[in-house]
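See the structures that follow.
Each of the next two complexes has subunit A plus one other chain: subunit B in the first, subunit C in the second.
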Partner chain A sequence: MDTSPTMSYPISRRNLLQLGGLAAGTLALAACSTTSPQSSAGPLKTGGKPSGQINILDDNTNSVFKDSTIAAFEKQTGIKVASYQQGNFNDLHDKMATMFAAQDASFDVVMTWAGWSAEFGQAGWLQELDKTAVPSDLIQPALDAVSWRGKIYGLPKFVSVQTMFWNKDIYKKNGIDPHVAPANWDEFVKLAKKLTTGSQFGYACDMGNPAGAYQNFLRMLLICGGEMYDADYNPIFAGEAGVEGLTKLVELLQLHRVMDPASLQITNASDLADLFARGTTGIVFNWPFQYAVATAATSKLTKDSLGNGLIPGISVTSASIDGSEGFAINKYSKNKEAALAWLQFVATETVQLQIVEKEGWFPVSKSVLEAPTAVAALPVLTTYKETTRYVTKRYGTPWGNEFDQALSIQIINAMNGKTSPKDALASAQTTAQGLVKKYLKK
Partner chain B sequence: MRESWLSRNLRHHLTAWTCGALVIVVMVIFLAPFVWMIAYSVYPSTALQAGVPDLSLTNITLDSYGQLFSDPMFLGPIVNSVIVGLSTTVMCMAAGAACAYAIARFRFRGRQPLLLSMMTVQAIPVIVLAVPLFILLRSVGLYDQLLGLIVTYTAFILPLVIWMLVSFFEEIPPSLERAARIDGCNRLQIMYKIAFPLAAPGMAATAILAFITSWSDFFLAKVLTSNTAVTLPVKTAAFQGLFAMDYTSAATAGVITAIPVLVLTLVAQKWIIRGLTEGAVKG
Partner chain C sequence: MAGLAELGRKRETRFGLLLITPAVLIIVMLLGYPMGYAIFMSFQQWNDKLGADHRAIGLANYEQLVSDPAVHEAMGLTAYFSVITVVGGVALAISIAILLNRTFRGRTIVRVLLLVPWAVPPVVNGIMWKLIFDGSVGIANTILKSLGIISASVQWLSDPAATMNILVFAETWKLLPFLCLLMLAALQGVPRSLYRAAAIDGADAWNTFWRITLPNIRGPLMFALIVQSMWSLKVFDTIYVLTGGSGGPAGGTTTINFLAYLTNFSNLDRGYGSAMAVGIMILVLVIAVFWILVFGGFNRKRRAADA
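Up next, the complex of A and B:
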């Protein structure tokens, strides 16, 4: 007699199938219960008097919106901002991609920048805006951050463009006139050489992560008069201008030895800003917030010892890269008109003035760019005004993340002398061609 | 003879020293990032970002810990993580122990395929399930809710719990349970009075593993929460912005997140390894 506690409890095949069918049905039902994709009714235009409520998803770059803009918007338009949520920039991408893929309408307005405008715009997840919805006062190059292939998917909330910052104290110490900016790259290199002494470096940058490597290369490409892609998005950055730009960048580190070697490890613009504020670096090219960091109480510099000017060019007078942010409208939003009202409100002179004065970003509004109070609060605005005369680009693309990874490996190899700039860029361009083919289905 | 002994002794010592040196190298590789994270949490970032890091003891400060623990925006995610971790563990253990006992003791058709199919769930990349999970939770009103996270984690962790517990239950000699049956215990009493106490070390290890898995998850918590149910790993990542990175706060939050995992792993490492390896072999 078997006294083992092991017993037999057969589960019938029918029961098993019923259970499986029920589970699959529940899942399928849940998936089908979402709204079906909306057919595009064309670009969104301003019209009527929007009302109701909106929900906004933003990154954590700005605090002015929750501090005062939302209340002012509600008072002026009668539209209620039911929720304003802020998230870490790096987390927002996955969160937004999931929401869009699920055709979720929880948020009417979402934060965007050049890369996401391209990626989400191409996927059909952002509402295209009609040109008439763009405020006439808007600085047109700022639209680059919210556009992709000629379509406008949002409005910029602030402009971020790199300019050159220098330490006048170090200039003076080395017998250089601190009030004159280098007119071209050769002058810049000469200056950087004079400024490099002992543990003090003439120049530093942030190339430690893929995005940083891309940005530093793009800046060099643009000041050499080059372009990343042609009109059909064929990569052309490995041409003469690209090779010259990367060669000049490598020379700063390997030949002239004016670049702080830590530049290859600095992964963030804020770290670069901190490094400059410690007073041991002569020149950096950085975003507008460098001004606030360099003139803070903890900085070795003061307003008087901070110089600011255009980035010196090689084949062109100057050029710069763009890091502007904007707001876009969720394609599945139930209240797009009210969402557009928010986008337009943020671009108004009143809000833009606050962004300049309280947060130190460049405005998207022409009138604020001219406003004496804005210039007094952020003197580097004068340089930005000059920058608008020259090329400022970011080349946000749906394949940006993948491309940055591939390019950064090649750039760092070139910087370390493991490969020539020409070979590095040729290899990166081959990768880019594959990515363009994949994403644009060429 | 003596020479041979010497050479054997020398060889023995050389091997031991080589192994010891290798262990130290491996430990340095694994521990260096963690030590650097601790350093960032107790030193001002300016001291560490200088050309030569200033690691003098006088610079050490616990200010960042004080700041984080006094910030309600940080305490909320800690509480959320504790609730989610403990609830998931309780649910996984309650359901998993019963399932595992049944699989270990009862013989039914499809027992082995059932066990194997449960483990295949673990092979599905979480990212593939993100959108369906989002839709499912949203449609039942559990998006950005702690309960939504608890249910999701339970679904993902339960197969692993069952897999581990089966191996522990199978180790218990059936004769003990037969004896209990002769003494008048019914099946439930055998489970609670014989099987569970005997498998207690294994169950504890499994519970710890379940807790650690739910406590450390980042991706699902990021996708399935928005504001109210944010957990500690998601909050930790939020210290990095597009233009700026608060290294000190991020490192401090990282240490706070890692400490429970570290302590629990050290306590239960022997059982965890045993549970995983036995489960893997026995199937």
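Up next, the complex of A and C:
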């Protein structure tokens, strides 16, 4: 007979509360622990026959992908594109940053450009590609847009370089030969003065937000023969070239009064393109899609009344800024091989020709750039070929957002006459030095 | 019998607790967890662009918060925006509510029309004011030109000070309906007999307002001031839409909440950004306590005077 007493442990409410608290605390601590992006065996290489499905997050620049590319890709590779989501470019950064920070694999492929390749690449959120996965005939500036410090984080989908567009009708009305582009900055200013009458302005740009202010300054810096950083990423833009460039930009607004004052509140290139298409602006420096907007049925311009040429230089013949876009692979993607297949498919000649012919963007491959059909479909491609002889840069960096914010404050203050170009750039350069030190641990 | 009553009371308490448990759990998940996580991050060096290894740095983010010139500037802009929208907005709301509390032909229609801005979604509100004050095609310039007030188009949104004032105007337009309705409801709760007695005593309009209306709506007034202070400190959507997501021009509309957004989402400096968010939360609490103390003191004085 077992005489040992039966032990009973009734669970009290206090015990339950303690247990619940302990569990909640454990869960909270587990959630608070930080994990690195999943380890990878190094850069991604092409290999085997990828299958399964992928999800793509893109900006709303291209319509050709959903119209035909996805179907062709699925047919050729057997990989299913489960979803292709497009968003406004200005909203994508936050969406992607939140997704990456949560280590979310909802999208295998994401749109990228020079700034994000550097920023998200440095954060370890984009999958690095092996050089063997990169098509051999890519144009270098296009590849730069998906690279950061020698590492390739994606493949380009189109090239975008700014060129000069002018309204030939306004030229003719003011007695100017519409077929000749200004050879240098002084000629450009003379032209812009002649084109400015009443509510019509000779020139307009988009510097109403930090990225716009940066782009407009960078273009001025480059046509003055300057550079943003030296080879070691030391900021050098506040030198003579930078001050001259910003001074000339300020003069367009304050001295020559040829710049539409609305330029300071135009926050994106689409609005600038629409403004030009309304037919009251003589000249704009804009991305290739300006051609499609200006020659659309709703525009006051036509193919015949649209002029296109190189951006006139100050200390150099010409220079331009790059805005090429590409696709990258989410570091947390579960199907990176299939994602890479999409990146490579977009860079093929067939897709690139469609992007040129249907959407008016420049191709990423040399072979398409030389194709007669491409030039016939997009006359501004001839100008683009000319720009390749001159400097075209973007300087995408991980500190781009902070720097653009700081620089734009100084640029706008200089444009409004609240500070001198020299002081404005000196202040911005000091900020840039701090950022470089912080992010490159120099 | 006492034991049975006690048992019944305990059962009722347990049942009550059971009923509120889902709500409490949801609040903890949706508010408590993110807040706790933000506080946790605020003590870390958590800049995604500096790598995935986040280390504890104690109060360093809070020290930076105190010494950061960008924060000082944003606080200055926040103070400017908040003082006008809170004090001015509530004062304007009381004035409109007093007018709407009077009997006049078409009062119901006016009251309904007052609700229109409240029905407009915040983002639409921002887009609307952006279009109105657009330098090229905005209706504001067209009207002012047609009235002969200006000869050339004004670039409202390219000047930091002008943009901030447009922001104040747009937010005041949006917030007025709620505040007016709140004040109107409060005014309708003031006994008419008090006004009749004041009239018999020969009180003028100012004394009637100061000694009868204001003391009798102090509860809703305190609520309006607290709520509006919170909304003004966390203003975001109108700034985002009006300035293309930049808080510009030249940082002219970067209030403290918008700076926290830029730090967290644009700069990916989530440790420092979380410290800012926690700082804003503390600021909201301090301001709420301030209004409670102000009105508490007002109540004490009234009671002392009555005694």
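FYI, the second predicted complex is superposed on the first by the 407 of 442 C-alpha atoms of A that agree within 3 Å, B and C clash if a C-alpha of one lies under 4 Å from a C-alpha of the other, contacts with A are read in each partner's own complex, and residues count from 1 in each chain.
The definition used in the following text is that contacts are C-beta pairs under 8 Å (C-beta built on N, C-alpha and C of every residue); 3 or more make two chains touch, one makes a residue touch a chain.
Source: prediction; values computed, not measured.
Asks: Could you say whether A:A297 touches subunit B, subunit C, both of them, or neither, answering first, second, both or neither?
Replies: In the superposition, A:A297 touches no partner, neither subunit B nor subunit C.
Asks: Looking at A:N268 after the superposition, I want to know if it touches subunit B, subunit C, both of them or none. Which is it: first, second, both, neither?
Replies: Both subunit B and subunit C are touched by A:N268.
Asks: Just to be sure I read the superposition right, which of the two partners does A:G323 touch: subunit B = first, subunit C = second, or both, or neither?
Replies: Only subunit B; A:G323 stays clear of subunit C.
Asks: Taking the superposition as given, does A:N60 touch the first partner, subunit B, the second, subunit C, both, or neither?
Replies: first
Asks: Can A:A231 be said to touch subunit B (first), subunit C (second), both, or neither?
Replies: A:A231: touches no partner chain.
Asks: Does the superposition put A:W287 against subunit B (first), subunit C (second), both, or neither?
Replies: Only subunit B; A:W287 stays clear of subunit C.
Asks: Which partner chains sit in contact with A:A123 here, subunit B, subunit C, both or neither? Use first/second/both/neither.
Replies: Only subunit C is touched by A:A123; subunit B is not.
Asks: Name the residues of subunit A shared by its contacts with subunit B and its contacts with subunit C.
Replies: Overlap of subunit B and subunit C footprints on subunit A: residues 31, 34, 90, 94, 98, 101, 199, 262, 267-268, 275.
Asks: Can you list the residues on subunit B that touch subunit A in the complex?
Replies: 45-46, 49-51, 102, 105-110, 130-132, 134-136, 138-140, 174, 177-178, 181, 190, 219, 222-223, 226-227, 234, 237-245
Asks: In the complex of these two chains, what residues of subunit C are touching subunit A?
Replies: 33, 36-37, 40, 48-54, 134-136, 153, 155-160, 243-246, 248-251, 262, 265-268, 270
Asks: Taking the touch rule as given, give the residues of subunit A at its contact with subunit C in the complex, in rising order.
Replies: Touch list, subunit A to subunit C: 28, 31-32, 34-37, 90, 93-94, 97-98, 100-101, 119, 122-125, 199, 208-210, 260-262, 264-265, 267-268, 275, 398-399, 401-402, 405, 408-409, 412-413, 416, 438-439.
Asks: So in the complex, which bits of subunit A are touching subunit B?
Replies: Going through subunit A, the ones touching subunit B are 3-11, 16, 27, 30-31, 33-34, 59-61, 83, 85, 87-91, 94-95, 98-99, 101-102, 104, 106, 113, 160, 199, 262, 267-271, 274-275, 278, 280, 287, 289, 323, 325.
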